[in-house]
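Each of the next two complexes has subunit A plus one other chain: subunit B in the first, subunit C in the second.
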Partner chain A sequence: MQASRARLFKEYKEVQREKTADPDIQLACDDSNIFKWTALIKGPSETPYEGGVFQLAFAVPEQYPLQPPQVRFLTKIFHPNVHFKTGEICLDILKNAWSPAWTLQSVCRAIIALMAHPEPDSPLNCDSGNLLRSGDIRGFQSMAKMYTRLAAMPKKG
Partner chain B sequence: MSKRVLCKFFAHGACLKGEHCEFSHDWKDPPHNICTYYQKGLCAYGSRCRYEHVKAARSHSSASSSSTNARQSLVSDIVPLGNSTRSVFGGLTPVPGSPMELSASSRPFIPPTKPAWNQEYGHHDSLDDWDIGEASSIRPSDRPICSFAAAGNCPRGEKCPHLHGDLCPTCGKHCLHPFRPEEREEHLKSCEKKQKHLEALKHSQEIECSVCLERVLSKPTAAERKFGLLSECDHPFCISCIRNWRSSSPTSGMDVNSALRACPICRKLSYFVIPSVIWYSSKEEKQEIVDSYKAKLKSIDCKHFDFGNGNCPFGSSCFYKHKVKPGSYTWRHHRPPPRRPPPRRSGFVDDLFDMFNSIEELTASETALDPMEELTSLEMALLLRDLILDTSDSSSDEEDFYSP
Partner chain C sequence: MNQEANKSNSHASGDPSNPCPICLGPILQDSYLDKCFHKFCYNCIVQWTKVVARKHSSPPTSVKCPLCKTENFSILHGYDGSSFQRHYINRDFGYSFLLTRAHKYRLQCYYTEPGIVDDIFNVLWYWKSHKYLQPNHWLQSWLKREIQALIQEEDVDIILHHILGVIVTSLTRNDQKYHLKRPETKQEEFKALVSDAARRFLGARTDRFVNEVELFLASGLNIEAYDAVYMQRLGWSYPGVTSEASEGAAIQQTPLIPYLYIFDEDSDGPD
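Right, the complex of A and B next:
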């Protein structure tokens, strides 16, 4: 408990110090609970998510960093490894490949990488996975782009 | 106020009690300079004692001359003088008004503006001569070296009556005894080692653990201020962090070997963790740490093996000493006893060689199923249960076992 708090506090300070270090990630801690974090990540360029800003919610367990944080998308996203309804993410480093050397910041980076490189063979969103697996890249991209525009971009006008 | 004794803190220039001190703050009062240990019969400092070694209780009448007292107070903490000096020197009992006393009292009184040891030492040539005179009568190797010089700086410099040691090139102090070659050698060796350790410690100071993100050597408790070295890679962690990680229960499908036993950074598999207070800067240094750690463990009796009465899961690969006591199970049967079910504990750990574990189980099961074995059906049942338990939970409490 104490260890996780100390570690999160360290990460918090690091985030405050290097706010501008990674322009694609904005991490923020809940004002009253250091175990709750939110992040805003920019969709990687040259992907259908480009131009979108996606919100992530982190729930950090008390055993952190021995156990991975639970991360989910708050912004709707059409991606084979993200559950369309709950925002749950299927990513090995958040499950069995977790390592205590990962930080919340690096988890964000991993999620950005996942957005750029979907894994259609272990889908949480079957529709999206099937489009990719059947080779319908165009179909997948237009669906993903549409949802990015609908959910992850500021409404114009 | 003749009964009052000069405050020794005052004489040094710093008495915190000031006005309320029960000792005199008047330079004219005599200092209490008699060694109480000598009075009781034994003073460990012997001739080096800064206090007077006189047998009889000091009579105040002998210290009636005020100028003598003042002089004594100035130098009392450096050179044993006054009564004792003379009694040793000439075998005389102190007589007020003796020639020496007269010569001493003829010197002008210097107000103690500086600490006594910074006063002119020229005054005490006769006493210093005595010091040397006594010292030269014994062998040079028996003479102690000046402790001021050995500690770094002797305020008396060239004029010091004591033997000044030679300069140690490592620590920069004059602490090498010129006539004791063994002591010199020893000092040089230990000094070099210390220096090396200090330097390594300095390098280690900045190193951060990748799990808690803190500097390992800035942790609050001494037990935490240790590195946990992984045998197969060079990534630094706190011993507590890496052990916690390796012993954390593999929930949510984490694989023991690919996740927990691996380095959190490079995922290289290491079978054991080596505690160390310093971080290494070269392969050789690491090897040295590992070797000394293993050597230390090898001197400790394995508690699993229990002098031949227990079954150590690590068998011949165990880091601990396997000493077979005559009369033990292994001694009588030439093989370890069958394994008992491990005590159920939360947070089971098997830090090292899981790999060996399975090999050991294999051999254990072979011996257990040996038809020559005299096993009751109950023992057999227990054994089988063990085997099932072991395969489902291949851990032991090796981790605690490793804590020094």
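Right, the complex of A and C next:
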């Protein structure tokens, strides 16, 4: 328990120190609870998520970093490996392939990489996965772009 | 917890530029994985191997490096300049072979100049006087400790019995011609046989090991008495009387600075 607190505090200091190091990621810790974090990540360019800003919620377990954090999208996203309703993410490093050398920052980077490279063969969002698996790239991209515009971009006017 | 204690016996801790990848703090008790040599705190990497083990029904004997995913089979730690300890993954959980004070003393002997007790024990007389025909009851225990210290493993029974067998058969050859040979020839033959048996396990330390075996045999002393003589000559305190509890203080206070041991594979024999 103390070990996870100490480590999260180290990550917090690192985030404060290098706020501008990665302009695509903004990590913030809950004011009253160091086990709750949120992140704002930019949709990677040349993907249907470009131009969108997506919010992630982290719930860090007390055994961290021996156990992975639980991460989900708070912003709605149309992606084969993200549950459309709950925002749950299917990503190996958040499950079996977790290593304690990952940090919250590097998990964000992995999620950005997942947005750019979906894995339609292990879908949490079957509609999205089926579009990609059937080769309907255009259909997938227009759906994803529409949800990016609806949910991840500031409302006009 | 006993962080203070950990800090005091860890080497090169507190280097903030190179933190432990698991706790992100300064590394306490430097520990390395045996294949990729990535460095962690001892507690951090052991905790991680336990977490990995719990995910399997039968714990694996290897762990993937958290940094590079290389398969590693043991954790090397406690390096003090001349020796280190090895913790095998899940093979002996919660327990790894710790060199006792007596083991450390024997290991340190290999870092001293040879010949330090040669004038006390008359090796040639041992061969001349046929003293080698008397069985030495302490040889097996002495050899076991010696091999454990040299290869830093607890279970050395196979190596021990191999080397012991070669020693005993070469000393008790029931062959008339052998007894008529010159003592120098017997000595040479003995040394050649024992080094052949030991070399593949002890490597570059073999020649010194054979000399130490011969010295111990020639002394005719039991282990305690032999240690006492040896340590007195080296100017060290006697290890046998202290219990394992005071092991921490160990032999580090010795005035002797070990010189660099060079593993010279070419030093196999006389040219």
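Of note:
Please note the rule applied: the second predicted complex is superposed on the first by the 157 of 157 C-alpha atoms of A that agree within 3 Å, B and C clash if a C-alpha of one lies under 4 Å from a C-alpha of the other, contacts with A are read in each partner's own complex, and residues count from 1 in each chain.
Keep this in mind: a contact is a pair of C-beta atoms (placed from the backbone, for glycine too) under 8 Å apart; a residue touches a chain by one contact, two chains touch by 3 or more.
Computed from a predicted structure; not experimentally measured.
Annotation: superposed three-chain arrangement on subunit A; subunit B versus subunit C shows a clash.
In the superposition on chain A, contact of A:61 is made with neither subunit B nor subunit C.
Of the two partner chains, subunit B and subunit C are each touched by A:101. In the superposition on chain A, contact is made by A:6 with both subunit B and subunit C.
Two complexes overlaid on chain A leave one subunit B stretch from 23-31, 293-301 or 329-337 clashing with subunit C, and it is 293-301. Shared contact residues of subunit A with subunit B and subunit C: 3, 6-7, 10-11, 14, 63, 65-67, 96, 99-101, 103.
Only residues 210-214, 241, 244-245, 248, 251-255, 258-259, 262, 264-265, 267 of subunit B touch subunit A when the two sit together in their complex. By the touch rule above, subunit A contacts subunit C in their complex via residues 2-3, 6-7, 10-11, 14, 63, 65-67, 96, 99-101, 103.
The touching residues of subunit C, counted against subunit A in their complex, run 1, 19, 21-25, 44, 47-48, 51, 55, 64, 66-67, 69.
If you check the complex, the residues on subunit A that touch subunit B are 3, 6-7, 10-11, 14, 63, 65-68, 95-101, 103.
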